[in-house]
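Chain naming follows the written order as A, B, C and D, and within any one chain the residues start at number 1.
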Amino acid sequence: MPLTLLAEQALNGLQLGLMLFLLAAGLTLVFGIMDMINLAHGTLYMIGAYLAATVAEASGSFVAAIAAAVVGTAVIGMALELTVLRPLYRRSHLHQVLATFALILIANELVRIIWGAQPIALNMPAALSGPVELAPGLRYPAYRLVVIGVGLAAALLLYVVVVHTRVGMWLRAGASDREMASAMGVNTAWLFTAAFGAGAALCAVAGALLGPLLAVQVGMGENILILAFVVIVIGGIGSVRGALVGALLVGILDTVGRTALPALFRALASPEVASEAGPALASMLIYVLMAGVLCFRPRGLFPARG
Amino acid sequence: MTAPPGLQVDGLRKRFGGVSALDDASLAVKPGELHALIGPNGAGKTTLIQLVSGAERADAGRIVLDGAVIDGLPMHRRVALGLARSFQISSVFPAFTVLENVALAIQARSRARCAVWRPVAGQAALFEPARRVLDVVGLGARSDIAAGALSHGERRRLEIGLTVATGARLLLLDEPLAGLGPDESARVVALLRTFKGQAGILLVEHDMDAVFQLADRISVLVHGRVIASGVPQAIRAHPEVRRAYLGESTA
Amino acid sequence: MASTLHIGLRPLPTLVLVASLVLLPVVLTAVDQPFYIVLASRVLIYALIASSLNLLIGYGGMVSLGHACFVGAGAYTTAVLVHAGIGSAWLAWPAAALAGAVLAAMIGAVSLRTRGVYFIMITLAFAQMAYYVVVSLRALGGDDGLVLPRRTGYGFGLDPHADMTFYYAVLGVVVLLMAGLRRLLNAPLGRALQAIRDNDVRMEAIGFPVFRIQLAGFVIAGATAGLGGGLLADLNQQVSPSLLHWTQSGTLMVMVILGGAGRFLGGVLGAAVLLLAQELFSDVTTHTALGIGLVLLAVVLFAPAGLAGLWRQVAR
Amino acid sequence: MTKKASLLAGIALLALASTADAADKIKVGFMSTLSGPGAALGVDIRDGFELVAKGEGGKLGGLTADISIADDQQSPDTGRQVVERFTKRDRVDVITGMVFSNVLLPVMPAILASGTVYISPNTGPEDYAAEKCDPNFFVVSWQNEDTASAMGQVMNDRSLKNVYLIAPNYPGGRETLNGFKRTYKGAIAGEVYTRLGQLDYAAEIATLRAARPDAVFFFLPGGMGTNFIKQYVSAGAQQDARLYTPGYSADEDTIKSVGEPMVGILNTAQWAHDLDNPANRKFVADFQKAYGRLPTMYAQQGYDAAQLIAAAVRDTGGRIEDKAAFRQALHAARFDSPRGRFRFNTNNYPIQDYYLREVVKDGAGRITNKTIGKVYTDYADPFAARCKMK
């Protein structure tokens, strides 16, 4: 593999990983702090993308679209938290799975009723729609570079908030021991709503940013939700650092697997076997990684709770 | 070399992260003896129970039960060999009745413990011995209510009953008096006295009056190390113990 | 003996239930509505599959989000056997159960090392792997699945393609297995599973091999689901990867929780209500999912013990 | 448990409520993918189909049309259930509507076993084109390889010598690439099968560009195609190797959701909304009036499925109870298809023309398909020869 291609694939893996991180960070916070399985997290991502597409269409401004999506989705997320999810915190994971599964069904139908069954358009700003030359022979889509930048910025921001601020201290305390957090006098109800809103906002950032690269359609949340779950389980539920490491691992492994495995099989096996086994194994790779991690570290790479 | 009968603990070490919880702890419990383990908070008493019962693995050291090394065995295998523990915080089956709780412990050592056909209900072989255990711990009259509905004191006694019902020859009791009022405490002390001579007991307890009333021998654990072992009078007189521990706690 | 754990059978309602299930196809044939015989067969099969998941979730405390892969294993086993010319249900159905059991043993051996959310996710991961294996293998028809040229036969001159005959075969299997499941739950192993659900640490401390018992429960549930998959392959005369899709695992879980996890007939009730609701809704609207979603949400918020629990609440 | 009993009573009542057949109407079972990510296609087929009945005041060929619409949720298991309902409870005369071959193939044996006619408004699988061709199975759209093989021809004509192929790893994907390779004569720079439902194609696009092909032929239905095109164009790869695809990945629905990046994509289809014939002008105008959007291939196919039924009903004088006559009328039906000339081959698959379309920005700034040539005239699929049906 030539060096430029290798560099390009590394960037691709990084970019996929960072996007997964945006989704996984919110999920892992909600999970860690509230001990809540939220299958509807992907739904917030979908709502973010739809809001962004609608505002972009109406205003013509991509920045306005992202801002509106972030605010709108955070509000919807907090409203959801206050009405439906709050009564579920003390219930078993089973009930949380069922209720949020129901939310997926409802949200998908509502989106279909409001926006129709056809995918809708969300385009990147024209200025970013081409490639840039990073090095001789290495052209990379400008938009994906922006996505990488935003992903890194979000990761950095989260790191600063979680590690260096009072809110972050509460979050960490909440993730490791909820009783202790409330004993410390933290208003957990407010903290939960805010954390949920923040998670929803991160979803919206991911949805709005990925919209120009992916189809904005009903059901777009579920595919990516499963990936986000894989990420946080690998990283250790409740750990933002784990989510980052897990996301990058998944992003890079998936990218490497998709390019290297079929090539490897072509070199080793008959074309018949290769064209079948290569893609099959590549599809499974991240699940194999997750099962492997859990086999040796049943609580993920960075368990948040002792 | 054949080890003497009873429980031998040799040179146990355990670290959590950078902190040493047990550092070369050794002690021996003879068959039928009530052996108390005392020490200040954080001395490593519960860690020792965890390691001996098999809930956690030691970093180094040896645990021998009646001549057989049991270090590597999972907890349920150690129970089968005759070593059972109780928990500092009562750990029962709240949805099961009191009688069913104890019957479970009997079931654990019956040959048909995982049978799939004959209903449990009506199996006298499980419930008769369970009733006898309940009579011993004084819960005979409460056998048909759900364990979740018991008072704290009753639950402490069920906790002991569950441990006894395993039929173990050596019991590890982790603070059986924790949180009990004087009346309930006296009941449990009387109960423990009836076990003396029938089963070896390693008793972790903070109630010094109870310890000195009951124990045949006492070991003192400080900073993860057993600093003294002997009959109660000897321990009471032991200068190091007085300095390290009793001096503060009897004040 | 006072026990809330023993699953008793009141003779009269049981008799009424079984008798009405036996009479159902006769009545439906009399009113010339054979379609509902097929629907009833489907409900029975899903009742069995949901009950096997109820054994895991409700009685064993093992919240598996990968149960569909055992159904798929059984279904594909049956389909492959039929394609290989082995067309007897007496062979194909036990083989389907065996396939479910073997897969469950492998997945359980790894997954049961984890607890809680991690268990939910690792079972999902394994099911996803199984899904991608099936989608990718051309020998299994890939995304198109496999069509069974005929149903597996029972001998004795019976025609499995007659809706009524097939219904009775399914009914026989389901009643037999539900009876077996009841015995299992009342037997020492069933007790041990429920006790582990409530307090696994204590079970280990009184001498039960917790891991092995959970694995046994997992394998039994996998075998039952595999058998259900075999029946499903026969019913539809086709198998496809959608049987193994994660939303299918989710739907099975919905059935269990909707009906009442840890209630003996919870799985049966959940499967019946969900499938019949889908059938009713789909006649009037294509926004079926909206209705189902709202109903589910209402159940979780207002009847957390499921419909079986609600029934008890109302009856009181 | 008494709850169960009342449920059963409910079912019995429901059964009694359905009425017996009336001879003065035609019952159509329309099952399509109407929810989930594949719903866009199913909805277009349905809208096209209903347009015909609406135009006739709720009738098809003079008979009152009783159309039951059901959602297969893109699952063969659900599809099978619907088919049982159509054939055993509603006893419909015709079934139609399915989008995806992975739903159609598993349920088709049950439909054919019941003796019900099926009219496929979309997928035309190889299975029923050759030896297994069936007098009750009609395809009003195309054989699955047709548009791809037309594109192979286009690439030969354009002297493209080194083409890169990409499709999802499922039977439909392989079938389409086979169709392409059947006619394409040049070298293959690479052939990649991706995960079904894949989101990110950055890695594949990078590998693809490194292979330096003259052109790329891709078949990625639904959202996969949208993702691929958006990412391909933003990588600037369209300048190096142009995108070619069967019409389904470059139709008005995809254009609407992708927008600007679609411009320049070449695709082949049996129909285009700018074909100049009266039937097409009426169809496109009626569709836009009724639904406020441009029709797609799917809409046209659904429209023709309904037109086909209407023509056969008309030709039999409404006597559709005579199944043999009805089948015969369907096979021989003459109707004004928006695509122009259309007739059935011996295997009940179409003989029709194929066009080359290019996505352009038209004078009004609207991005849409423009027909730029005809590839095939009276094209018949290569499997018909193996069909023994006369």
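Simple rule for what comes next: contacts are C-beta pairs under 8 Å (C-beta built on N, C-alpha and C of every residue); 3 or more make two chains touch, one makes a residue touch a chain.
The model shown is predicted, which means the values in this text are computed figures rather than measured ones.
Note: centroid distance chain A to chain C, computed from Cα atoms, is 32 Å. Chain A and chain B have CA centres that are 48 Å apart. Work out the mean CA point of chain C and of chain D, and you get 35 Å between them. Chain geometry summary: the mean Cα position of chain B and that of chain C are 43 Å apart. Looking at chain A, residues 108-109, 112, 276, 279-280, 283 sit in touch with two or more other chains. Listed for chain D are residues 34-35, 169, 195, each touching two or more other chains. Residue positions 132, 135-136, 138, 287, 289 of chain C each touch two or more of the other chains. Taken as a contact graph, the chains fit none of the simple arrangements: neither line, ring, star nor complete graph.
Every pair of chains meeting the contact definition is listed here: A-C, A-D, B-C, C-D.
On the side of chain D, the complex with chain C involves touching residues 1-5, 7-8, 11-12, 14-16, 18, 34-35, 68-71, 74-77, 80-82, 84-85, 87-89, 101-102, 105-107, 109-110, 169-172, 195-196. The residues of chain C lying in touch with chain A in their complex are 57, 63, 65, 110, 113-118, 120-122, 124-126, 128-129, 132-133, 135-138, 246-247, 250, 253-254, 257-258, 261, 287, 289-290, 292-294, 296-297, 299-301, 304.
Those residues of chain B that touch chain C in the complex are listed here as 53, 55, 74-76, 79-80, 84-85, 87, 91-97, 100, 104-105, 107-110, 112-122, 127, 144, 146, 162-163, 165-166. Looking at the complex, you find that chain C touches chain D at residues 13-14, 16-17, 20, 24, 27-28, 31, 33-36, 38-40, 42, 132, 135-136, 138, 141-145, 147, 149, 163, 232, 236-240, 242-243, 265, 269, 272, 276, 279, 282-283, 286-289, 311. In the complex of the two chains, the chain C residues touching chain B come out as 1-6, 183-184, 186-192, 194-195, 198-199, 201-210, 213, 216.
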